[in-house]
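This is the structure I have questions about; it appears just below.
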Amino acid sequence: MGERRLWRALAGNRRVVLGGGVVVLLVVVALGAPLLAPEDPLRQDLLDSLLPPRWSGGDPRYLLGTDGLGRDIFSRLIFGARIALTVAVVAASLAAILGTVLGLVAGYFGGWADMVISRLVDIWMAFPPVLLSIVLVAVIGAGLHSVIIAIVIVDWTRFCRVVRAEVLVQREQDYVTSAVTIGLSRWRILLGEILPNLLPVLLVLLTLEMGIAVIVEAILSFVGLSVASDFPTWGGLIQEGRQYVYQSWWLMALPVACIIVVVVGFNALGDGLRAVLDPVMRR
Amino acid sequence: MTSTGAPWRVMLDVRGLSLALPDRGAKRLFRSTPMRPILRGIDLTLAAGESLGIVGESGSGKTSLGRCLLRLYEPSGGQLLFEGTDITHLGEPALRPLRARMQMIFQDPQSSLNPRRRVADIVARPLLSFGLAVDRRAALVVTDGLLERVGLSSAHGRRYPHELSGGQRQRVGIARAIGIKPALVVADEIVSGLDVSTQAQILDLLAELKRDLGIALIFISHDLSVVRVVCDRVMVMNNGAVVESGPCGALFAAPSHPYTRTLLDSIPLPEIDPDWIDGPQDGDAGSAEGRAETMDIKGAVAFVTGCNRGIGRAFVHALLDGGAAKVYASARDRDGLADLAAGDGERVEILALDITDHGAVAAAAQACGDVTLLINNAGVNANRPLIGGDMAEQRQEIEVNYFGTLAMCREFAPVLARNGGGALVNMLTILSRVNLPALGSYSASKAATLSLTQGVRAQLAGQGTLVVGVMPGAVDTEMSAQQPQPKLAPKEVAVAALAAVQAGSEVVYVGDMAQGVAAGLAADASEVEKQFAEYLPQ
Amino acid sequence: MKDILEIDDLHLEIRGMAVLRGVDLNVAAGQVHGLVGETGAGKSMVGRAVLGILPGGARITDGNMAFDGIDLAQLPGASRRRMLGRHMSLIPQDPMTALNPVYRIGRQLSDVLRHSLGLGRGAARRRALELLDEVRISAPERVFNQYPHELSGGMRQRVLIAGAFACGPKLIIADEPTTALDVTVQREVLRLIRRLQRNEGTALLFVTHDLGVVAKICDRVSVIHSGRIVECGPAEALFSAPQHPYTRALFAATPRYDRPGERLMPVPRQLTRRMRDDAAAYDQHRRAMARYA
């Protein structure tokens, strides 16, 4: 009953459908990259360098043209989606887990734990996030792992703050008091009673964080701190395209467009979820 | 107390229970959160199967008391015995097995039912948690029976709380509470959000369950009419203290405390009575619209005399702790007052005032026009018997204890009236009631002041001023060096006096000795006089 | 006596659901008319329809409302809004949310006076202080400079009453004005409303669920259920000999501390179900009639 109404509400929300569609497309493209890509994204053909997209007079073999080394842009974008999705899912989830655990502890147990965690968050928020992640990656060394670690370390505070505030609200609800009167332990109350009531909020935050993670990854690969430079990432493609921006503007415009579409998709999904889940879940 | 005969017949035994909670609103940067007193020395007992109504207006502390009784809050003082076990400060793991015997039904079934769980799960959870059902399936079978017991069907069990009506949700709350067959249930305002027709159904159900299951019930409500339907006994609370308690029949027929009467008179009964709204209100001279005569210390502007010594100083500290907006601390000379303002200079104003100088008292009343709480604490004690003492000293006792207090009452009465009634506290002693020959002249002067207090109370009732007479036993100050032991700490006296102001009590006996003497006087006055005669002057 | 408010066969729907099904209700000038009903009976919607402050999705589908002889439906929106505050006003239920928390009490009262009566700053201030004094606030100057959160619930309700009476309106809609208050405060507030209403000769439509409150303050009473008035009459008559079975059932369900032995009788389900079925049948009938019209 409850679930069915929820699904209907989700299907009826334009932003959820649009955002969800983009996200599903991203997943399909990333997982099916070897099947979908017409060319090997790493195969160079200097004779075919800097070809324009097919519709503006390029070679029909290359749908979106080629880059300075004659690599197929279309295939490189498709494989770039793999990195984007990996970072989005892994980094956002890890940040969510770390932030949620600390937020739950701070909000529910209060006292010392809350003092320490809240001060830590305050100090964290004082650093400019992008700079912090660049410095972090520079210290740990470039690579996909480092990018993910950097995003987690920078962005856990988003989850922590929201979860802590929400726990403070939920803690005062009588269903929590009632759980005390039936003898549940504090951890069982926290995980079994309060946490499920945070899921809608967490889901929304997680979606928005995935969009942010895609951007941060792009920034890091733009400054050359992500995966090895020959493997295609959207940030890396922008960086390469920057050199040819006057002759072949699409080299830069296409990956930028991919990032925009994906981030807008994540944000729309997050906003839509927020709109749908709020009234149904928290009535 | 566990040693007495059959401890199981007494479900709850509560002595002097007090509770203070952090007052976040009053927190200042870099200071620890100040504590706000919520409950001030509650006594109550509840027998198995009995139902007690706790009534009060918002802020009376009735809800906090209910939660304290179930140890959802830890009391800050007093003692709380549940079925003979002292649970006052018991830790949560030790409490857990006891929780199976005490349950709560909440005011707002919306917030008390987890919105993410189905009704059947909510009702089944206590059964599983306390091991009363072997597994989920067994629990759900019991749950079906419980839902039926409270007038719902098993189809309701598959729904979420927000899909039910208010009355149905309250039934779920009841089913959850009775499922584990508790011995005590605390029901907190469980019908306040419901329509009369739904309310009648729930009350009906509650009465039936109480009868069939023999549950002891604490029924908290703001509505005396509802309490009367459900309860055997009733307890009226105001400002964190018990104003009056007794069997429903007696209390409703003849309430002894004016606050209870005000509360009863305020209930609009569904019958035509033009006097209820048009007639004069009791004790109402047109200005204060018959407000219940109680006063909050928080925000009060107090004037305290005799602040250079024990009780006076204790009053200043207690007033500041209680959140008074301002305290005028006076004594005959300023010496010995300076340190009172040291900690909290903005709120304390020090002044020299000789209360036997009528002109000076009048001037003080002029200067301190914002006073809402007058505490006549100054007094002298020659520590001498009536015959053989120094006559000049004895005159001085009357001069300060009687005329000084009179002058203060006379001059400050209009100030209090202007500020909405306020309160006036006269420090008396239990010796006002019975003469202690060793302190014969002091006792006599304080007896005069007791009579003065009664006269002033009658005269100021019209302007809505609460007049409190405080009668402690021997207090540990230099003044009472010769009085019998054991002695009270000055702080105890000041705190009790302010609690009386908050609760609207007109007479307060502080300490076991004073209470014992007062009880003795009521039973057999001559016996008390005989005992006191033993303290003859050497 | 002249009727200041005449409601005739008022029908109202919220998103297609019938909420009022032909309400007839007349409020005489200078009288207090009680409108009693339980949750969902539609009682608040009557007041809101008169004031023209219906919630989103609500639509008047039929009937007439005349205020002081003027057909409210014919009145253009701007004149209708000008009428609010000046000729009719509202005492709301929740004194916590009805005042704007960021402005001082004095400013909120003076704004009403300046806007509705066109008073100057000084005159508005003087009148506001007078009003605060009239609602028995003991220190008007102090309250004038306070913010809503600094006042107790009872004090806030007094301020709102001052605001409702500010421009000397002919009709005040009081929507459960004492439900959120403690009983002792409720009595003071009811006495205050009654005194002001008498002195100013204002008519009051007093919406409430509490039969006790109705008994104390109202001259006439209408009982509403399922969007229809089931019984209407002078208060004395209704309280001494209620006619409709639903009214009688309400009395039997109301607990009274002065009648300890009396057993509470919940309103019989068959009765409310029958009334609801009647209402539904009536809706169907109306829809059928509309098809032929």
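Here the chain labels run A, B and C in written order, and each chain numbers its own residues starting at 1.
Operating definition for what follows: a contact is a pair of C-beta atoms (placed from the backbone, for glycine too) under 8 Å apart; a residue touches a chain by one contact, two chains touch by 3 or more.
Everything numeric here is computed off the predicted structure, so don't read it as measured data.
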Touch-connected components when subunit B is not counted: A | C
Chain whose averaged C-alpha position falls nearest the assembly-wide average: B
Separation of subunit A from subunit B, taking each centre as the mean of its C-alpha atoms, in whole Å: 57
Chain centre separation in whole Å, for subunit C relative to subunit B (CA means): 37
Length of the line joining the C-alpha centres of subunit A and subunit C, rounded to whole Å: 53
Multi-partner residues of subunit B (each touching 2 or more other chains): none
For the subunit B and subunit A complex, residues of the former touching the latter: 67, 70, 72, 92, 96-97, 99-100, 102-104, 106-108, 111-116, 125-126, 129-130, 158-160, 162-163, 176, 180
Complex interface listing, subunit B residues touching subunit C: 57-58, 166, 195-201, 203-204, 222-229, 248-249, 252, 262-273, 276-278, 281, 287, 289-292, 420
Interfacial residue positions of subunit C with respect to subunit B in the complex: 38-39, 136, 138-139, 153, 182-188, 190-191, 194, 209-217, 235-236, 239-240, 249-251, 253-258, 260, 264-267, 272
Contact footprint of subunit B on subunit A as seen in their complex: 1-2, 173-175, 177-184, 186, 193, 196-197, 199, 281-283
